[in-house]
């Protein structure tokens, strides 16, 4: 049981929660993720660690309400507990002084991007970050990201904040303006696919942090397998970060939809139960 | 070893054993027929998750126990990886002292209810029973009797907790709570060590929980055995991945003096054929974990599982049998085993194959998948299979399956479970510098002590064997426990 | 001087391709070859027979290991699957590393004896970034059973083409009953090129010990004639690129092959015998000849001496050369 210390609603559907997990807080580095489970009958889902406080023994997770488990998490309160948290899992981000690093975060992908932006900044890189989302509501952690970036560009699909346009527009402008040595992209698979195509066009080495369906998170089940440059890799133990130009994003997109019908049905049932409980 | 022989002889000469032996003539004992295990009706059981083997009744158990001759040289014990004093517990059953039977099982076996269900007795104790060896008749049903005694005790509600030596304050870490880890913990806690079992998942039990289905081994039974270990003082830490949450080195700094790695065979293998990453194709580990550990088939649990009308399970081992029989229970119209060799060469236990056949599982032997096809949503819908024939024997001694050119055909399947073995979980080996591993990634250990190239690290089970049985893992655990005890005694003696 | 040539749809800076060999099995060597002027390399083959042998060895080793060997072990049952994966992964790594380090095209090579799962490796090889795929199909003509080798090769081609979009080329050995027809037929299966020929393992007998021994490991400078004949005869008839291989040790041999109609030549033995620096000499020899003859590009003389373009095509068609010399028609 891991107690919730604080909760902040970043938007209607996005919450940032800090939970007690002293060992993980001590060990975690940029790129690591945890697997969480809510309730005895809950599902195990992966969440990237956004930041941690080793002294207080807490880690910060950012969750967007998209299905049963994320909904349950978003509904928790301070003092409640997350039933199970295990980690830190995965390999850490490779950090070095590249020169200029372009970081792109789409939607809640900004949360796992934060520790990478921080580490890249501390390694002496010039860091330019592009944050993109559908609308202003979904732009999160702008201030924290800004603290470690030399420049932050905001892009929204509807133009409700920053500039109107896709993440790739913001990225391309920077690439054309100055020499970019390395890129990091995190966000929805479709956003990473197009961002990766862009940096490939300009021959910029790029890593993407993949989100995949997982059960155990330690390599045991193989649910998270992805094709990277002709080889099958497990996101949980070989990743979550891979050379973006080698990732088969179309396959990833298909695989993310692997339980779509089951998940949709479960979420509908869950929402109805919630409604019944309220009335 | 001599001590062991003496000890057995001494126990055998106890008055009650002698009296029992004399009560029935050996000739009358050998003329009794082996009692069959009652099994749930195949059609009925394939609809749900009730246990297939129903267990012996008191009367059946006592009758079967009479067949045991209480031999002066009990060869059956040599066949048991954990050296259970088999005649002793069987004679307790004959005496109708079932609690006594359970107690004597627990002298050497931390999980009798589990072993009674999943051990391959036909190649172990029962293969070296006097009946098998000398009389060439069916052996005493040792496994069924073991299960009977353990079940009887559990149902009595009065579980015997083995005595524990006074605490010696020496901390030992057990990595993984599967069969080998539980065996180590059970033996060492009894010797007074402070045992912490680290488990990566949210529940202890390892493969006994996530792998073996309810119809073969109900999770509740595993829980009861784990509870007993807790009562004996074993501490279980779940959600703890050794190598990640903390390294062996860090645990050493926290005072652990010896380690047992029983982290199992972690990584499922795939065949790397085209289309294998389609949706609806998954490892048996994933499928069984969803169903067994996460209860995915129950509506009130959040974890989803894919259901299939035509389910193909690729592989011929026990895990493949567990998967295909699970699929049948979850409503598959066709549940099929696809295996590239013949039925005789399957590594699965004969009993499992027989049960599967009774339940209507189809066996596509001498067939090998070469490609998968998916529908427009990316979900698998067909498999291209190639027929095989048996060629020359290979180095493993079995005839090698050879593809028949031009024999390829397609089979409809909307769920495919790949069960072609597992590789050792690299988390532990990778996190320990200098640890010697084999070319297959298994930890190399000394056969007697189960000690690795890193002196304080011992290992057993699938991380050493690749893919073996529960009982071999438990046997490793017992040997490792003895090895750890010897290692720590020696170390602490020289330190003081 | 324009030495560029098209091979398998790829534009190569010159006609010298380093054939599949030990020199093309490591990235550092490939880098050196590129530096010396090689226009492309064919990687060392992923060898089906070698992998099968490794499977056997590992099975034997596993059987002797009391921990691994067990009646119910599923690991042992599928050891071959793991071994194949290991070899494939290693090969994929080689392709990827080579693609990262050099600019010249990298052609992967599969040496296979059957059409089973090996053909499926092709897809992985393409994903790893190989620019082309050479299939070295070693069907063994020494067994005493009648087999339709041509048909078997077509089956393999068909399966591989279904897996990949990169160009596929077939390396043949020169033991077919109807060589011309076989080459022509294969060129129409959808492949992008043919490599003539594979160098077969050569046996020898030691007359002192009277034992069979391994023969010469390298080709002879005269061997190039074997492929030149068929290239001259068929270069204007085939539906794909042609690469000449085996016995190409001199720039003269290169010139002759191109005159016969070859798009590229593959060299191996000369690199072992004279060092990889010899690529330089071969190229300058070629350039010097072109200068002397007034050719500004390779295209200007490619196929100039093919059977269609020479006065007496019989020179390529004749097998019984006594007849040719006696002038009896």
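Chains: A, B and C, in written order; residue numbering restarts at 1 for each.
Operating definition for what follows: a contact is a pair of C-beta atoms (placed from the backbone, for glycine too) under 8 Å apart; a residue touches a chain by one contact, two chains touch by 3 or more.
Predicted model, so just to flag it, every value in this text is computed and none were measured.
**Q** Supply the minimal count of touching-chain steps required to go from subunit A to subunit B.
**A** The least step count works out to 1.
**Q** Looking at CA centres, what chain is most distant from subunit C?
**A** The chain lying farthest from subunit C is B.
**Q** Find me the chain with the mean Cα position closest to the mean of all the protein Cα atoms on display.
**A** B
**Q** Count the C-beta pairs in contact for B-C and for A-C, then report the pair with the higher count.
**A** Between A-C and B-C, contacts are more numerous in B-C.
**Q** Subunit A to subunit B: how many Å between their CA centres?
**A** Computed from C-alpha means, the inter-chain centre distance equals 38 Å.
**Q** With centres defined as the mean C-alpha position, give me the subunit B-subunit C separation in Å.
**A** For subunit B versus subunit C, the centre distance works out to 51 Å.
**Q** If you average the CA atoms of subunit A and of subunit C, how many Å lie between those two points?
**A** 47
**Q** What positions in subunit A touch 2 or more of the other chains?
**A** Only 227 qualify.
**Q** For subunit C, what residues touch not just one other chain but two or more?
**A** Each of 123-124 in subunit C touches at least two other chains.
**Q** What are the residues of subunit B that contact at least two other chains?
**A** 272
**Q** Which residues, counting only subunit C, touch subunit B once they are in their complex?
**A** 55-63, 65-68, 70-79, 81-82, 84-85, 88, 114-117, 120, 123-124, 152, 155, 163
**Q** Which residues of subunit A touch subunit C in their complex?
**A** Those in contact with subunit C are residues 227, 229-231, 246, 248.
**Q** Show which residues of subunit C lie in contact with subunit A when the two form their complex.
**A** Counting only subunit C, the residues touching subunit A are 89, 92, 95-96, 123-129.
**Q** Taking the touch rule as given, give the residues of subunit A at its contact with subunit B in the complex, in rising order.
**A** So the residues of subunit A in touch with subunit B come to 23-24, 27, 37-39, 41-44, 68-69, 83-89, 215-216, 218-223, 225-227, 232, 234, 237, 251, 254-255, 257-259, 262-263, 266, 269.
**Q** Sort out for me which residues of subunit B touch subunit C in the complex.
**A** Those in contact with subunit C are residues 120, 123, 265, 269, 271-274, 315-319, 347-349, 370-371, 386, 394-397, 403, 405-406, 419-423, 438-440, 442, 445, 447, 464-469, 472.
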